[in-house]
Amino acid sequence: MHLDYIPYPTTGYSSGDAAWQLTAATLVGLMSLPGLAVLYGGLVQKKWAVNTMLMAFSAFSLVLIVWALWAFNMGFGHPWIKTTVNGSPSGFLGKPGPALGAGQEAQADIPLLDGLMPPFNFSQSALFYFQFVFAAITPLLWLGSVIGRMSFKAWLVIVPLWTTIVYSADAFMLWGGGYWAGKGAVDYSGGYVIHLSAGTAGFVAAAVIGPRLRRDREHGAPNNLLLCATGAGILWLGWNGFNGGDPYFAGADAAAAVVNTNIATAAALLVWLIMDYALSPTKKPTLLGAINGMIVGLVTITPAAGYVNGMGAICLGVISSAIVWTAWYKLSKVWIFKKVDDTLGVVYTHGIAGLSGGLLVGLFADPNMIVYPAGKAKGSSAFSVTGLFYGNHSWHQFWMQLFAALTVIAWTAIGTFVILRVVGLFMKLRLPDQVLETGDLAVHDEEVYPPQTLTAVGAAAAPAVAPAAAEESESAASSGASEP
Amino acid sequence: MHLDYIPYPTTGYSSGDAAWQLTAATLVGLMSLPGLAVLYGGLVQKKWAVNTMLMAFSAFSLVLIVWALWAFNMGFGHPWIKTTVNGSPSGFLGKPGPALGAGQEAQADIPLLDGLMPPFNFSQSALFYFQFVFAAITPLLWLGSVIGRMSFKAWLVIVPLWTTIVYSADAFMLWGGGYWAGKGAVDYSGGYVIHLSAGTAGFVAAAVIGPRLRRDREHGAPNNLLLCATGAGILWLGWNGFNGGDPYFAGADAAAAVVNTNIATAAALLVWLIMDYALSPTKKPTLLGAINGMIVGLVTITPAAGYVNGMGAICLGVISSAIVWTAWYKLSKVWIFKKVDDTLGVVYTHGIAGLSGGLLVGLFADPNMIVYPAGKAKGSSAFSVTGLFYGNHSWHQFWMQLFAALTVIAWTAIGTFVILRVVGLFMKLRLPDQVLETGDLAVHDEEVYPPQTLTAVGAAAAPAVAPAAAEESESAASSGASEP
Amino acid sequence: MHLDYIPYPTTGYSSGDAAWQLTAATLVGLMSLPGLAVLYGGLVQKKWAVNTMLMAFSAFSLVLIVWALWAFNMGFGHPWIKTTVNGSPSGFLGKPGPALGAGQEAQADIPLLDGLMPPFNFSQSALFYFQFVFAAITPLLWLGSVIGRMSFKAWLVIVPLWTTIVYSADAFMLWGGGYWAGKGAVDYSGGYVIHLSAGTAGFVAAAVIGPRLRRDREHGAPNNLLLCATGAGILWLGWNGFNGGDPYFAGADAAAAVVNTNIATAAALLVWLIMDYALSPTKKPTLLGAINGMIVGLVTITPAAGYVNGMGAICLGVISSAIVWTAWYKLSKVWIFKKVDDTLGVVYTHGIAGLSGGLLVGLFADPNMIVYPAGKAKGSSAFSVTGLFYGNHSWHQFWMQLFAALTVIAWTAIGTFVILRVVGLFMKLRLPDQVLETGDLAVHDEEVYPPQTLTAVGAAAAPAVAPAAAEESESAASSGASEP
Amino acid sequence: MKLITAVIRPEDLETTRRALAAFGAPGMTVTPLLSGSRWNRHLEVYRAEVLVADLVPRLRIDVLANDEDIPDLVGLLARIGRPPHGGDDTGRVWISAVEQVVRVRTGEHGEPAI
Amino acid sequence: MKLITAVIRPEDLETTRRALAAFGAPGMTVTPLLSGSRWNRHLEVYRAEVLVADLVPRLRIDVLANDEDIPDLVGLLARIGRPPHGGDDTGRVWISAVEQVVRVRTGEHGEPAI
Amino acid sequence: MKLITAVIRPEDLETTRRALAAFGAPGMTVTPLLSGSRWNRHLEVYRAEVLVADLVPRLRIDVLANDEDIPDLVGLLARIGRPPHGGDDTGRVWISAVEQVVRVRTGEHGEPAI
């Protein structure tokens, strides 16, 4: 019996593009798990490491279920209420619907982008998965703002709501062909949709939920810098998929985006290092400072990665790193930034860095950086973006970038605030103080470095004891304090 | 001098498929090293972490040598004794032979599948390597059942034998075009060949080798949850290569398999989390519970990844997670499951989860999930699998799945048992109790977190001492116990 | 509005090759961050882990900036001073120049290789990035020789100089079409340019900078073997990109190189394990020994990966592992090897292993291992390399390999020496002893496992104190010593 | 000269240090240890296995003091652990005699060395 | 009132705890320390470098007790370490006087506070 | 019989051990602890937040000794910490009485058990 199969359709399919899209998506997935999980797990106090990591694993899972059942189509499907922008169909949010059937094996499609980009060379599943890993990393990022006091149960409820209401809309407006896409604002791979949004959401959430225990704020040393470096390294290289995957084709712009990502990151890391050397109170370069600089570089180039040239990438890295460094040291001492307890400072390294990068696209975008080359149609021209410095001094792109940023900030802030308040009516957003004293042990009965003296219940005639109530385990929680 | 070279043959080759196959294989390799090595290294007691990791690194190496010298062809070469199933040539085991020569650069080929799938688009080396990483991870998985007492020397002997006798045959029967492939049983990427087999082998090996020291069973706390999370995250995302690489083409089904893998995993993780919340004795969600759920999801979708649709993936994740959770809490208390000391519970998260997923293919396989589209030949139809719920209520596929599972269980159990018994005639399978008291220090002279007070011999006129005999190092071994 | 874009040029571009090149480069990037950073971070004493990792992150960044601004073109651009070798244009160093503009999106090109290999199927950005990750890992490797005493500031100055002067020239001579390439010496992916060079540079630098504190040499226990395993695993699998990416095409030779890489590594790991078992003073297999063997295998196959067949790969792994094992145990006791304090032994596992592999190419290269198949031109023949055992007993290739090796050793040693001496005129290369007593805390105000008792300044009315001068923190530095 | 030893909860360390400093006794050693008692004991759960931690982390504070300061110091230390945590394990304070004390830096002996 | 201090092997902790509890002395502190002696010493090997651990992990047990219980407790503690490990380092037990003990929870002093 | 307790810097451990061994007193226990004093205190910086470590790691050395060896041992221990580090925290040595010592291995009591 000789059968006649082919591996994939012979038209509208490129195994190279498909391979790259899946690879890029996997790299982005690795940025979340284990990347962010262990970066944050190492950065928090020992008493919160398990809680932090479990929040990361759970949120990643929750977002996927939501994404598959309804939210993917809210971000990338047909507009729910059709509007028109510049004569093209547009909208603010996609129509919810499942993305589960066998039809996902058909050619990928973002309805509002039909004809505005080359037709996809892979299946809808690949597009779905690539966009999922972006949707998933966003709440993991702003988890950094609320760890150390947020109720785990509330987190499980809020993440699905946030993805549905906040993330989908931001994504639709900029990537799904919605309003700001129609207006010409651009976000190469998430400086706004992901990072500005995460910074905003984290800050609002931290404000609504309230600060950590005073004790925890005063003893906020990280617990393991080797794991911070592990997570940070995965973030950096994983970002090759983050920015390299966003043209949706393994074309020249993908490679350029990868290079720019790395250049901006290197520049930002070094600027932070030098500023720490020259301007910090202790005048010493630090690993965690370098990692901060690295994140700033990665974030700030994200909205710009395939639009600027290498020189632009260096400028973005340098400028944003200097801005965020200053904000980190100075802005954090004043005004609401002083009051709101954003645990890991997401509002700086993601919010401000993402905003800065998005705006700088309006200045540094180089029209010779070709995202998609021109086709054969007569008069066809390539797709690229033009910033002030390359475009006859036109501020147009800058204003579009600014307005889009304001929309993202506003929508995210309001959405996050409302979701938290509403959920807060039904359950406590914050753990009780007694539980906060203890941390992981009270919430999960686990410690990140379990003592090797623990004895199985029942073994050695150990008398039965009641499960650890917060009260009881309170004392154990401070075990961190008892190590030299 | 201008020469005329081309990068690869212009027919029968696709750089996209080759890129994906190598990438997928690398992801699967990463699941073993460092993935499983550090997941297990973090999950075991501190005193066994080095031993566990060295066993993982060694087994990975041993399997490759065996694979190259003879075993690859036993799994994927010409049948040793030719039989016929449904009119097609078949067999139970391939003919051993090396896979080392320059001929490996030719187009890939699995003899018994000729004409049953599209011709490969890459070289035999790529196929060899992809199948190697699967062969290698299998003993690493069931290592989880025997750590904490198995002799390292015996491990070095048993792994090559096991790969040769047990793994090759299982692989040949289902993937090499052997008996069960001919019968129509399917295993998308190793629910049976890898996970059911690993669960079975681990359980049998644990029974034959005997339990850990009572002391170790009673003090079985893990040592580092940050590393568990590191390994777990790599496992999850690495699984994109595990299941995404198995269609051998970067086609639509690869992407669908990746999506399904993630969906089932997310569902299974959340189900385990919720069951821990609702039904566990302490009513708390735990990180290690979530990781268990995650593994169950990954394993259970493995035999089904490209055959079911997204809804099916959710169902598989939910059903298997509920089953395995129950087995983990209840089955483990009774019968031989209570008696056999399967250190990390491989029989549950891999054995039962793999079996469950394989059987559910018989119910949930959706014929519209196209693994290979139809070619141009007249009457040509696509390749897919049809389960009970989609196929006019036919149980056919289910029975095939069941019989194949029973074959794998039987062959693996018997093979593992015989190998262990025979090797046991020549060397001790189990370390002496004195060595077990100490762990890593006695076996390898290393500790996972070496004390910083150690002094080089000869330095500072330290008097010479004899190498650590088990007796002597026994005391040091308990150093774990002396940390708060 | 319907626009007409295409994803990439339809000629001279393959999305599959581009996908593989970016993926391979990302894997190599991961080998540096987090791979080497945490491998070294875990291998050093606790007091140096932060410093080590920050040096790795900084060097990675510095190399990229240098690479983009001028050094890439020194390694792969037009020759600065044109010479002729065997009638073809050649040279010793490329002409410096930036690689930053939009022109990087054009088809990749290495001027001196025009016509000597198939035209690239991707953009210059992809080539640039792939070569960057190689340039970046090299100083990270020889960082292993100088940690534990080198001034961080001097490191920041030396790395850019070293990349510019030493690395670029080595790369140009062998890979950029320069002198030794013209002579027919080959280095598949960096046995010489990277590893032999790193081993040499590290050894020279260690000699110039001087040894660590006697105290540190006598208490040189690593701090965390779980992280060593994490880094080691990433190295191994990342090497699939290292060697698999070097043919620049996702062709059959890439897959063969991946397979050979793994085979040689497995063989070398097992040989080291067995030699430890049989010949080491304590007769025990060790994890860190296995990792050494693994690195030897990876390094030694690097210059040979796509030129030898599988049997050759086994031979290279076995021979080099035996040689390096012997050197590690015996050579280290004599002559300058005894005197120079090469902290992590880079001269053995990289220098000797790289040299050995490069020379063995001259013996084991199999002309049937086709790097590039023949094109259609009449008389066209494939590109491959022929070693003694396959080439009518011709030692030609061996001599070329040897002379190229001597050139790399000489240039690297002299270049490194001069750079260090010159920089040493302007700044101290070595930290003061007081700082060395303390380590990380004195240099960076950070510890790798920060104590959880630290209190924020200002909190709890803690009286203000001066920043930690080396003197003061000296005591704290020894905290390692105070843990059981 | 006496040695006062107190077993306290880790979370009381700062209060203790501040109280001692305020009293004029900045010198002390703090030793992490595990304390077994009738009261303290909690559970941890790893992979569904329930494990008991029946030794819990405490800190041992040792302070050398002159005889006349003893009553005050004991009172001070005994007071700290009490209020909010009443009801379960709250520690012990004990006193033992010391025959000689030497300050290494100066070589001073006896009471001036404390 | 006395303080009994014993240096034991980590693996004897459970036996010790159970013996003390059975005797009616559940209160104790357990301090991990490193012990140097004539006997204990082992080698570790990292990357072929042989290192000596000449301080090995032990536990220090401190128990406050009334004078009349001392002989029994000493006997009990001294017995535990002995049988199976005879021949090498097996620990020390020593007794020192305590002048005062305070139970923080109640403020009780002296013998009732033990 | 006395117990000599010394608080030393971790970097002086080896010198101390060697000095004690040379004196003929190989037995000792070494307990890591944190020491608070007027002097020692350093800063650490994590993500631009400045944190104080006002307890620094020290080692506590306990040596049981016969009465006649006490002066020599105290002198020996008090000397070690001094020279190079003069000026800041250099430790304490103190002596307390011990009523009884038992060598577990043999059951010997009193001075021979030391």
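Labels for the chains are A, B, C, D, E and F, by order of writing; each one numbers its residues from 1.
Operating definition for what follows: contacts are C-beta pairs under 8 Å (C-beta built on N, C-alpha and C of every residue); 3 or more make two chains touch, one makes a residue touch a chain.
The structure displayed is predicted, hence computed values, not measured ones.
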The pair out of B-E and A-C sharing more C-beta contacts is A-C
Same or different for chain D and chain E, where same means more than half of the interface numbers show up on both copies?
different
Between chain A and chain E, what is the gap in Å from one C-alpha centre to the other?
52
Which positions in chain C touch two or more other chains at once?
14-17, 19-20, 23, 219-222, 224, 230, 281-282, 284, 286, 288, 445-447, 450-451, 453-456, 460, 467-468, 479-484
Chain E residues counted as touching two or more neighbouring chains:
13, 31-34, 43-46, 49-51, 54-55, 57-58, 88-89, 96-97
Could you please specify the touching residues of chain F with respect to chain A in the complex?
32-34, 43-51, 57
Touching chain D in the complex, chain A uses residues 215, 437, 441, 445-447, 450-451, 453-457, 462, 465-468, 472-476, 478-484
For the complex, give me every residue of chain C touching chain E.
43, 219-222, 280-282, 284, 286, 288-289, 292, 328-329, 345, 484
Given the complex with chain D, which residues does chain F contribute to the contact?
2, 7, 31-38, 54-55, 58, 60, 74, 77-78, 81-82, 86-97
Provide the residue numbers of chain F that touch chain C in the complex, in ascending order.
9-11, 13, 32-34, 40-46, 49-59, 88-89
